[in-house]
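Before anything else, here is the set of structures, which you'll find just below.
In the two assemblies presented below, chain A is common to both, partnered first by chain B and then by chain C.
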Partner chain A sequence: MNYYLRRFLRVIVTIWAVATFTFALIRLLPGGPLVQLRAQLIRSGASPERVETLIQSYTKIQPDAPIYVQYFDYITSLVQGDLGESISTGRSVGEVVGGALPWTLWIAIATTILVFALAIVWGAIMAYFEGSNFDLASSSASILAASMPFYVLAMLLIIIVGYEFGWFPTRFRIDPNLEAPVFSVAFVGSALYHSVLPIASMVLTGAGLQVLAMRGNSISVLGKDFVTVARLRGLSDRRISITYVARNAILPMYTSMLLSVGWYLGGTVIVEEIFTYRGIGYYMYEGLESRDYPLMMGIFLILTSTLVIGVFVADLTYGLVDPRIQTGDQSESF
Partner chain B sequence: MIKVSHSESSDEQFSFDYGESEIELTRRERLQDFYEEFIRKPGMVAWNDRRTRIGSAILFVYVLMGTVGVWFYRAPQTNQVDVPGYPGGRGVPPFTDLSAILGSTQQSGKDILAQIIHATPNMLLMVLSGGVFATVVAVLIGTVAGYKGGTVDTVLTSFTDFAMSIPGLPLVMVLAVVLRPTNPLVLGIVLMVNYWAGLGRAIRSEVLSIRQESFVEASRTMGVSTPRILFKDVIPNIMPYVLVNFANAARFVIFSSVGLYYLGILPAGVANWGIQLDRAYSQGSLVGIAALYQLLFPMIMIMGLALSMILLAQGADRIFNPRVRTRLAGESETIEEEEDADAPAGVMT
Partner chain C sequence: MAIEEVDAGSELDERSIVDPAIEIRNAKVTYDEGESYVLDDVSIDLDRNEVLGVVGESGSGKSMFASSLLDSVPDPGVLTGRITYHPRDGEPIEVLDLSKEELRELRWEEISMVFQGAMSSFNPVLKVRTHFEETLEAHDANVAEGMDFARELLSDLYLDPDRVLDAYPHELSGGMTQRALIALSMVLNPEVLVMDEPTAALDLLMQRSILQLLEDLQAKYDISLVFITHDLPLIAALADRMAIMYAFRFVEVAPTQDLVANAAHPYTRMLLNSTPNLDAPLAEMKPIEGQSPAPINLPSGCAFHPRCPLAEEQCMQSEPDYHDVSDRQGARCFRWEAAQAQILLNYEDMLEDRGTSGGDADE
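Our next item is the complex of A and B:
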């Protein structure tokens, strides 16, 4: 089967499997969400019939129907784009997600790109000056940065850069008083300005280990025979460093970049809560805190789908970076 | 300086099943060999590295705090600090009084040092169970998939890919809310519920190259069973790699558990640095910069433990990583020149 087609089918299967998983989590766990939700509604004084209808509208699950009917209903409404209704906000989950997703995507994508741009450039420079004081200082700084969780840096940034110096806003995704239309210069400017600290807190901490990885890759490529041969051929330093070293050193970074997108996407739940940045991470936190299961599960599903699709798209471009793309599994089985 | 014979330790692809040997080795000799080849020599290479020594020293301090410290130092309690001039012992700044050297909390007058020390045992247990769980699952799935190949590989790799494509932190949060784990050992496992996947994938590709080695082929032609090949030939050769990743996994457990405690998603009945962070941070926004000291100490604790893990990982990396071998061969300069200058050139492959 075609490689890309197979990859695409895998995307569909993964999203379906995660949807099944959320269904199981809501429905099947003893004392799980459904039981708690019912208790919550009964405590609020609703009549039993009303409770059943509410549960049905919130979760798209009819508690009395046989399990396969429930499952079928759940998946059908998901396919139709209906994620249920949020209990705490009273809005539909789709509506909440729609307004918040772009902001989270911006944070996660900008973080990933900046982390790897920083890592590739800085790591390569460190490898070039290997053994110098600059290298030693940068390595130590990278290790220190990696030992700091991003939320700790976020708090420090808020206190120091935000409160003390007042250079950057510490909350919200844009200036609440701003009444400029969407996509005007003022709007985009304000949005960028407000996203500086959240992005900085994840980039500065996340880049630490990646810088070291890039440095290590570059050093090991520099020791390879083909680089020695290229030197002997009298090729220019520029050509050696770009075509021979950089390309081969960046390749392993690409895979780890795909892996870390998920970590940054997940990290937005904490970062957005700290910065009151209303992306889907923030709403996921709200859902978790108020035990708003439809909201929480809906956003979890959306986050996973985003990641799966993102990795799929990135995978399509992998052929551009590495021409030796694996098209199949040729290994002999033992 | 400890002298390590690099020419011996360079032989990464060492195997224990001496197929060609006529003499059966006793268990004791095997154990001795194992100790020599996989514990003492790599240990010395790692110990030669400054980072390993600093990392172990830091970790030792935490272990001391988590075991002996808990016995000797009082548990945190409301208004436990007795310092003149501070009603209820609240808001004592750090380094003012010996009875509460790191000060006490603004709101409840708890001794900060006591909070920090009594959070350590649970954290260490969590790190241990999470790290062991993730590494064991990753090694099992990675080696079996990589070695067996074929359908087994396809099935295991698909499963791994599936686990890998779920963003870890949100999954853990959902599970934490639904399952409400309180036991630190269980919590460690919940935190690593899909972390093993990335590691398993990496181990699989390591094993893919090991399975082609002649010593594995020899064992296979001799009819050695698959589990035996995996345990005797394959796993010892990926051990250093696994060690490095154990330390990385441990760092992940620390970061995510403290993060979840900070958010208040995990049950708050226990002592944890994340809970301290949360309390201190919310008070800091009320009281202002004067309350910052409460934030600083848990932060230092988190970073210290994470730092020791990174340093240990980097030190262990030396045993395994080809670039270190390249460096030892004298093909590139190094920071620790004095260590490597006497390494014989050209013995590395």
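Our next item is the complex of A and C:
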């Protein structure tokens, strides 16, 4: 079977497994979400019949139907893009997620790109000046950064850069006085301005480890025979540092880069709460506090799917970055 | 032969070599600001179009000797002495006086090198073709002509040029990579090729066939070859002359025939005896007891005296210089005559049968 098709089917199977797991969590855990949901609705004074219809509409589950019918209905709704109704916001989960996801993706992707850009450049320079004072200072700073949790830095940034100096906004994803999302310069500018602190708090803490990883990789590549041979062959320093050292040092970081998109997506749950930044992380936290199970499950499914797709992209593109990894069916070797 | 303790030193080579490609005089490599030597006062000539086999144990300074020829001793090592390269036509070049750019041009164009471990000598993310092209470009050579020459070299090495050039290094077998690396090292048609254990990672059959190919290449392209190895019998089949290295200096230099039949240094003789031989019973295989010295705290006098069965007071006191065994053979040993008489080569019978035994040894 075609390699790409096989990989794609694996993605589908993984997401299906996550959806099934979500279904099982809602439906089958004793004293779990469903009981909580029913208790919550009864407490709010709804009639028993009303409770059943509400549960059905929120979770896409008919509690009376046999379990396979329930499961079938749930999966069918998912396939149709229907994630159920959010209890706390009164809107459909799809609507809430759709409005919030782009903001969170921006935070997570920008963080990932900045972390790795910083790590690759800085780590390579440190490796080149291995043993110098610059290297020592940078290593210490990296270890300090890596050992600080991002939410601690986030709060420090709010206090110092936000309140003391007033340089950057400390909450919301956009200036609330601005008109509803239209793609104007003011809109994009305000969006970027508001995302500076959330992104900075994750980049500055996340880059530490990656800088050290890049430094280590570069030093080990610098000691490889092919670098020595390239020097003897008279290649220019520029070519050696880019095609020989940097390219080979980045290879081991490529997978971790795509996986960290998922890691930073998870990180947004806390960061967005700290900055009242209304992305899916923020709604995840809101859902948790108000026991809004359909919303939580919907976001959980979205986060997982994003990670699975990230791994899928890594799988497909790794062969382009490293010729030793074969993607596709050809495995010619002679 | 009369006992002549001539202070021969480097003159040994000057006398015997008419047209040297490279002259090495008093080459020293030091680390730790002169605290430790990894190449100690080495003087030898490389004759034009000859194959010089350099043999020594691990850590005896073989690779340092190879790097010295290209002035590419790894940092922070310091190379001193004189290395003179004689182009086929033109003025002699003092390698150690060259500027960075002149050195860059000399390397690979005139003196080239094949490393131990071909697999790791290629950049894994580039095709073999790119390695050839970038080398040609870096030396301002005509890429089209250069690639034609590369194809010819690859064909000479029994490789399919197109298939190899379009492959990534990991797609080739060990023997193929090694041959591709040899072609890469010769792509600028150098005068001198230095090979540092080029066959160490290969199986025995591949070692032999590469050696055969090298012999053909050397004859076809008129190159001088320095072949560095720890495998004495392997190189004995190819080398015109052999230089035995012990503790960072050469202890014996001789034409291969003379060395095998008539080695004068106890170390050489014991090394020859320690070679496994299928024809000889296992009991006759004699390993050399002890370990070769580290670069710090070299033994006083002759560095080999702690392991030498013939060592006497003199050997511990002073360092022996070259003693002429013949006009082409020299050994750094006070007791070379005793060595020839007392350390019997375990294949001596076979030599006598063939009538090739060195007469001088039987006193």
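The rule we apply is simple: the second predicted complex is superposed on the first by the 321 of 334 C-alpha atoms of A that agree within 3 Å, B and C clash if a C-alpha of one lies under 4 Å from a C-alpha of the other, contacts with A are read in each partner's own complex, and residues count from 1 in each chain.
We take it that contacts are C-beta pairs under 8 Å (C-beta built on N, C-alpha and C of every residue); 3 or more make two chains touch, one makes a residue touch a chain.
These figures come from a predicted structure and were not determined experimentally.
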Touched partner set for A:V152, first chain B, second chain C, both or neither: first
Which superposed partner A:V79 touches (first chain B, second chain C, both, neither): neither
Chain B versus chain C as contact partner of A:Y285, first or second or both or neither: first
Which superposed partner A:L316 touches (first chain B, second chain C, both, neither): neither
First, second, both or neither for A:F226, with chain B first and chain C second: second
First (chain B), second (chain C), both or neither touched by A:V308: first
On chain A, the residue positions that both chain B and chain C contact, one per complex: 332-334
Touching residues (chain side chain A, partner chain B) in the complex: 10, 13-14, 17-18, 25, 29, 32-33, 130-131, 135-136, 139, 143-144, 146-149, 151-152, 155-156, 159, 163-164, 209, 212, 216, 219-220, 222-223, 259, 262-263, 265-267, 269-270, 273, 284-285, 288-289, 291, 296-297, 299-300, 303-304, 307-308, 311, 329, 331-334
List of chain B residues in touch with chain A within their complex: 147-154, 158, 161-162, 164-171, 173-174, 177-178, 198, 208, 211, 220, 226, 251, 254-255, 258-259, 262-265, 277, 281, 284, 289, 292, 295, 299, 302-304, 306-307, 309-311, 314, 321-323, 326-327, 329, 331-335, 337
Chain A partner contacts - residues on chain C that touch it in the complex: 70, 72, 74, 104-105, 107-108, 113, 115, 117, 120-127, 134-135, 138-139, 163, 167-168, 170-173, 184
Complex contacts: residues of chain A adjacent to chain C: 224-226, 228-236, 239, 243-244, 247-248, 251, 322-324, 332-334
